[in-house]
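Here you go, one structure.
Note that the chains are named A, B, C, D and E in the order they appear, and that numbering of residues resets to 1 at the start of each chain.
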Amino acid sequence: MSLDLTFFIILAIMAAVSALMVILRKNPITSAMSLVLHFVSLAGLYLTLHAQFMAVIQMLVYAGAIMVLVVFVIMLLNLGREEKMAVRQSARAAIGIGASMVLGALLIWGLTQVMRPVAAGSSQAMVNGQIASVGKALFSTAYVFPFEMVSLVLLAAAVGAVVLTKRNLK
Amino acid sequence: MTQTDLLAGLAIEIVSIFALIIMLTDALVERSTRLCETLSIVGLLGGLAASAYAHLTMPGQTAFNGMIVVGGMSTLYDAIFCGAGIMTVLLAREYLTRVGGMFDEFYTLLMMSIAGMMLMGHSADSMPMFVGLEVMSICFYVMAGLMRNKLSSNEAALKYFLLGAFASGFLLYGIALVYGSVGSTAYSAIAAKALSTQFPTLFWVGIGMMIIGLGFKVAAFPFHQWAPDVYHGAPTVVTGFMSTAGKAAAFSGFVGFIAPTMASGVPGLEKAKVILALLAVGSMLVGNITALAQTNVKRMLAYSSVAHAGYLMIGLAAGNAAGWTGITYYLVAYLFMQIGAFAVVGILERENGGNLTVDDYRGLARRRPGLALVMSLFMFSLTGIPPFAGFFGKYYLFNAAIQADLTWLAIVGVVSSVISVWFYLGLVVIMYFREPLGEMEGGEASISSRTALALSIIGTLLIGLIPQAIINIAAR
Amino acid sequence: MVSTFLPFILLLPLAGFVINGIFGKKLNSERLSGLIGASAVGIGFILSVAIFIELLGLSPDARSVGVNLADWITAGQFSVGFSYLVDPLSVVFLLVITGVGTLIHIYSMGYMHGDPGFSRFFAYLNLFIFMMLNLVLADNLLLTFLGWEGVGLCSFLLIGFWYDRKFAGVGILWTGDAAKKAFVVNRIGDLGMLIGMFILFSQFGTLNYGQLTQVLSSGAFFPGGSDLLTAAALCLFVGACGKSAQIPLGVWLPDAMAGPTPVSALIHAATMVTAGIFLVSRNATLFTLSPTAMTVVTCVAATTALVAATVGIVQNDIKKVLAYSTVSQLGFMFVALGVGAFTAAVFHVVTHAFFKALLFLGSGSVIHGMHEEQDMQKMGGLKKYMPQTYKTYLIGAIAIAGIFPLSGFFSKDEILYHAFNDSGPVLWVVGALAAFCTAFYMFRSVYLTFDGKERFDHHHVHPHESPASMTIPLWILAVLSVVGGFLGLPAIFGEHVHLLHSWLEPVFAPAYKFYSQHHASHTTELVLMVVSLCIGIAGILTARRVYIQKPGTADKVAARFPAIHKLLWHKWYMDEVYEVGVVKFIWMTSQSFLYRIFDKKIIDGMLHGIANATGAAGRGLRQLQTGVVTNYVTLFVLGILLIVGYLILG
Amino acid sequence: MIEQYIPVIAMIVTGILFGVVSVKAHEILGPQRPNKSKETPYESGMEPVASAHERFSVKFYLVAMLFILFDIEIVFMYPWAASFRELGGFALWAMLLFVVTLFVGYIYIVKKKALKWD
Amino acid sequence: MLTLPIEYYLTLSAVIFIIGTIGVLTRRNAIIIFMCIELMLNSVNLTLVAFSQYMGDMAGQIMVLLVMTVAAAEAAVGLAIVLALFRNKQTVYVDEVNVLKW
């Protein structure tokens, strides 16, 4: 077993198990911490793909910023207590879970049946994963417009957060 | 990047910059509501002018390395978004002040969402489409919850947010799979490379997921369930805006990737057509039939908007040029009649959620004859009675279906529009032919609300009289 | 000249609608509003006559002029304009609509006097005329459909004109409900018509009447085979059934009587309800190509004619008698269409427009004079109070009963003749029975209303004759009802005396290519004429026996014919025969079966059933909307599963 | 080529192990004899009066939200900063526009007193 | 060099995506539902990065940048909505939030 495969398997198991923990743990804080672990393992997986910059910002944005916010809110609302049960046991939930499982099986089967490894650009991967390549692409004519527009998403979020939560807004 | 690129994106840039200016105005100026209102209208008119300029000087050109496309249909989309924005601005202050949601941030969010929509309408690549969609959606989540002290508004925002983010996940997955199969996010790559892709399954699952994601945004069955609740709980002006401009934006995104897919000739195209046709059938029937059982006018209109998404999807399923122009025409027509209907609902609504049930509309013709008359016109148009705009919209869409050998789909469309007669004209009958239950308070409209109503009436009639002009612009 | 006048004919009523609709309240003058409304149509009539004269001057083959006003829809190679076709058929309808329309406008100025919605009423009437003209003048199905929907809308607005009045209809309490019922039933018909249009368009790529007729008559049949052709014809016929109140879509017409009487006369007797006949005549070639469709038309029409006539017998509301009569007469017209006698159908449309408008306006005059009383049992002996109304109403009744030489005789006889000739004795007998009933109930209404004891309350009701603005139109229509028959004299009077036939010849020539008509000898024709005349007279006499003649008279007759005396003419025995044999049977069948069960239970039940089923489906689907996000997600995921599964496995 | 990341991974693993071991070691090594007064939180000798889980003010949330805003800004700055000389003037203007846009957001938040601590 | 077949990544990401979906379907707590949606978005990111690297095309990674930005913004807005709801009705459980129905 090659080193690549070893790493992949370890990280993949980590990612899948932590994802399962997110949906199975009763305590919201535990779920949140599992999610952090999941983000970290995804960052590891990005490294196995040689997408170094992606791995870095995965840690910064997800594990850093977003999870901070989530945990903040959980604390804020004093939701540290546990739910009665982690997963609802009802016919509807069973249908939903069943349907999702079948969907997942279909997806995996469909995506792997006809796939051949895409190797066209894999030699490029080392270069493309580097921060400089991302910079070059991001500031090219093509992507600069979506990049500028995405700032509106952030502003809208800021305005929305203020308007929805700030007390005594004028 | 060149000057041409900047000029091509000018409409979006103007609206975005005005959004920033309004944000600053809101932050720095005391009592800035009127100023924000004026700035919004100026910005939207500017956007319209820039879009018209682009349509005249560079129709059909692409800019930013094929990221966005200019002129033709995208100009009509711009007109829909800006038009809806202007009417919403005219209606908003009076209504929001009454129901307790008057924050100047409303104008910032409105302008930002319009910028997002315009980006969607112009996009020739799934990347800007996604960004535009998210700008729009995030603004909508907040706008739906704008009456932050009302539980119904909070609930609407929460439901919209959770389901919307969930659907975004599917859209994104679809984009990723299509990207993997054709090697690019550009729509032109779908048309050029999809036929030769080694991974047709990947491609079709991707397209299917994108249909699901955008099907949610247009509120198509079975992804429609958010719409009645959100449209009901959100402030009425926001509902009117979301259900017209929001739907139009989602359809502009839809047409963007479905059109090249239909043109690509990839094996399996028939399956995609079947799916779109079934979504259309489900939306039309479920929307119209459920609307029958509603007692709340806002909810009734919400369900009927699901049905209208179904009519529009007929155009997608047809997958021909007549379908695309039909969708565009219908969206223009729908803008006026639907936003007008919600304007009337908003004018009548009271701060505690009163005057919203069908019973409150009894005998409206005697108490508010003007409002009853315009509401009836909108109802007639929504039903699809000639010569109002709604009739021609349906006509073009059904015609497109027939051209695509989908006569059965057109027939289902006609049948479901017959069902819609019951509740649309039922409301007219109630307004005109029923005794009122008690005294009605409210219903006085300010000058700006009247202007908005007049605009929608003129639009509904004019679009019906000059359908060809709209079709000509769309076909360019 | 045609192309110069036509826009005025069309646009004047539209202008009248706009003026009365927008400025009506501001004008605040009944005289002015009425004048604007009536003159808009009146000028149209004069111009129509001018067009008619011009066409007369042309050779028969050149009497077809297309006028294109504006391009309306262009989609690909498919284009529809606001383009109109002036040909013999449309000119006949044009003259009837504007002519009768003018008279009814004048009449309305008297009838609606003092109504707060006076100007609104005239605005609607004018809009109706505009839409109706679009319907008949269009040169393509789509524009006809625009007019079709438009007249439906106007009918809706006008039936519900007094929306806040109580009205006892079939399962209906309010006038507004009657309007809605009419509209909904009509939409079902429209659905059929739309589907028919779709089929035609998908097969031929055109909706233009000229092109359709050309393709069809070229012998190159439907690319889709004759089944599709039958389907298209039947779909159009469903539309025609809706507008022209044929079984099973006829239930709305009696309830439509909730509208003001001039509306009943104009829309629900003279013009709009004949739109179905127009539609079939316009597409005569299509129908003649499908024997199945023709048979269906005949059967539906004959059933309607007879059923409606029997139901008419037991009605006590004077307007309802006329309403059922209208349904029955429309059935006659469709019988004519079904046997390929298109000219006879159009002929009956014209004469029917005269005498039925006359009868409705007469009944309106009665209702007006009786302070809005419509129940015939509370009338009686009115002829001395309103002699003008009585005389004209009587003329109308004689005309519809089919008495020589009034107009109804000729047109009805022609239909019966063709029924006998082209179908057979069974159809003839059905028609004759219906004709008998017609004569009977019409004279029943005459006697109950104008003759016999005065059954109204003299303290509260003071019958009076109506003003001149109402009686003058009555007299004009009476004259037309008398002489109208000479438009189509039967062949025994000589060659080429059937003016209408020669006039319409070029229009129906392509259709006759596929549906040759039999010609019987003059003797057969004469015998049939005499028999049908006798039937009419018999109907009248029966009515007279039952409602006028006193027991004394009956005794005298009985003494002369002792044998028949016991059976028929003895008062008590006659009463019993009448009670048990005729009235009870007919009453039973019509009141309990036809009216109560067939009309109310089956047809209304079906409509309500559909409505209830959709309503229940609506309430059921509503339960899906539980308000809980996770449930929504479940449906969402199921949808995704189906879509993705279909894409991967399908 | 995953080998080049081994030192990084080794460090992460060591860090995690150190954290886990130092928390868990005393549970395993030390004696476990809990009683009721030992389990109550130490409040300088006072009896605890309420739950230790106290709800924070919403101001914390607004600050955290602002942190996200500028965190993302930084994320987009990295690729630019890493090679801004090669990218040239165009990228400078693009980045400037981005920063200015977000600065408008900053002004808004400050002026709306979303960060005011009272 | 990338030595593993891309199916490995696609399969893993499909698995995580479905786990996220199941979480959305079964949890009651709006915040946890939101976390599950984040799981789904992350799995898509993995797919995008994999495609991007295997095809040698930068668009996928740019897309991931944008998705992360959007996710951050959604987190801010979504949690603000939860806070606003909590203020009016002391709950974050979605099955207790059903005033709007039918």
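One rule holds in what follows: a contact is a pair of C-beta atoms (placed from the backbone, for glycine too) under 8 Å apart; a residue touches a chain by one contact, two chains touch by 3 or more.
Computed from a predicted model, the values in this text were never measured in an experiment.
Asks: Can you name the chains that touch chain B as well as chain C?
Replies: A, E
Asks: Kindly list the shared contact partners of chain C and chain D, in label order.
Replies: Expected: A, B, E.
Asks: So which one's got more C-beta contacts, B-D or C-E?
Replies: Counting C-beta pairs in contact for B-D and C-E gives the edge to C-E.
Asks: Select the chain at the greatest separation from chain C, using centres from the mean of Cα atoms.
Replies: D
Asks: So which chain ends up in the middle if you average the CA atoms?
Replies: B
Asks: If you average the CA atoms of chain A and of chain C, how far apart do the two points sit, in angstrom?
Replies: 70
Asks: Could you state the distance in Å from the CA-based centre of chain D to that of chain E?
Replies: Their C-alpha centroids are separated by 20 Å.
Asks: What's the distance between the Cα centroids of chain A and chain D, rounded to whole Å?
Replies: From the centre of chain A to the centre of chain D is 17 Å.
Asks: Distance-wise, how many Å sit between the C-alpha centres of chain A and chain B, to the nearest whole number?
Replies: It comes to 30 Å between the two C-alpha centres.
Asks: Residues of chain D touching 2+ other chains?
Replies: Correct list: 1, 58, 61, 65, 68-69, 71-72, 75-76, 90, 101, 104-105, 108, 112.
Asks: What are the residues of chain A that contact at least two other chains?
Replies: 4, 48, 50, 53, 57, 61, 65-66, 69, 73, 76-77, 88, 93, 96, 100, 103, 107, 110-111, 115, 118, 126, 134, 138, 143-144, 146-147, 150, 152-162, 164-165, 169
Asks: Enumerate the residues of chain C that touch no fewer than two other chains.
Replies: Only 622, 625, 627, 629-631, 633-634, 637-638, 640, 644, 647-648 qualify.
Asks: Every touching chain pair, please?
Replies: Taking the chains two at a time, the touching pairs are A-B, A-C, A-D, A-E, B-C, B-D, B-E, C-E, D-E.
Asks: In the complex formed with chain A, which residues of chain C make contact?
Replies: 630-631, 633-634, 637-638, 640-641, 644-645, 647-649
Asks: Using the touch definition from the top, list the residues of chain A that touch chain D in their complex.
Replies: So the residues of chain A touching chain D come out as 3-4, 7, 40, 44, 47-48, 50, 53, 56-57, 60-61, 64-66, 68-69, 72-73, 75-78, 80-81, 126, 131-132, 134-136, 138-139, 144, 147-148, 151-152, 154-155, 157-159, 161-162, 165-167, 169-170.
Asks: Quick check: in the complex, which residue numbers of chain C touch chain E?
Replies: 622-623, 625-630, 633-634, 637
Asks: Which of the residues in chain B end up touching chain D in this complex?
Replies: 1, 20, 23-24, 26-28
Asks: Sort out for me which residues of chain B touch chain C in the complex.
Replies: Per the stated touch rule, the residues are 158-159, 162-163, 166-167, 170, 201, 204-205, 207-209, 211-212, 216, 221-223, 225-226, 228-229, 268, 271-272, 274-275, 286, 289-294, 321-322, 325, 380, 385-387, 391-392, 395-396, 398-399, 402-403, 407, 410-411, 414-415, 418-419, 421-422, 425-426, 429, 432-435, 467-468, 471.
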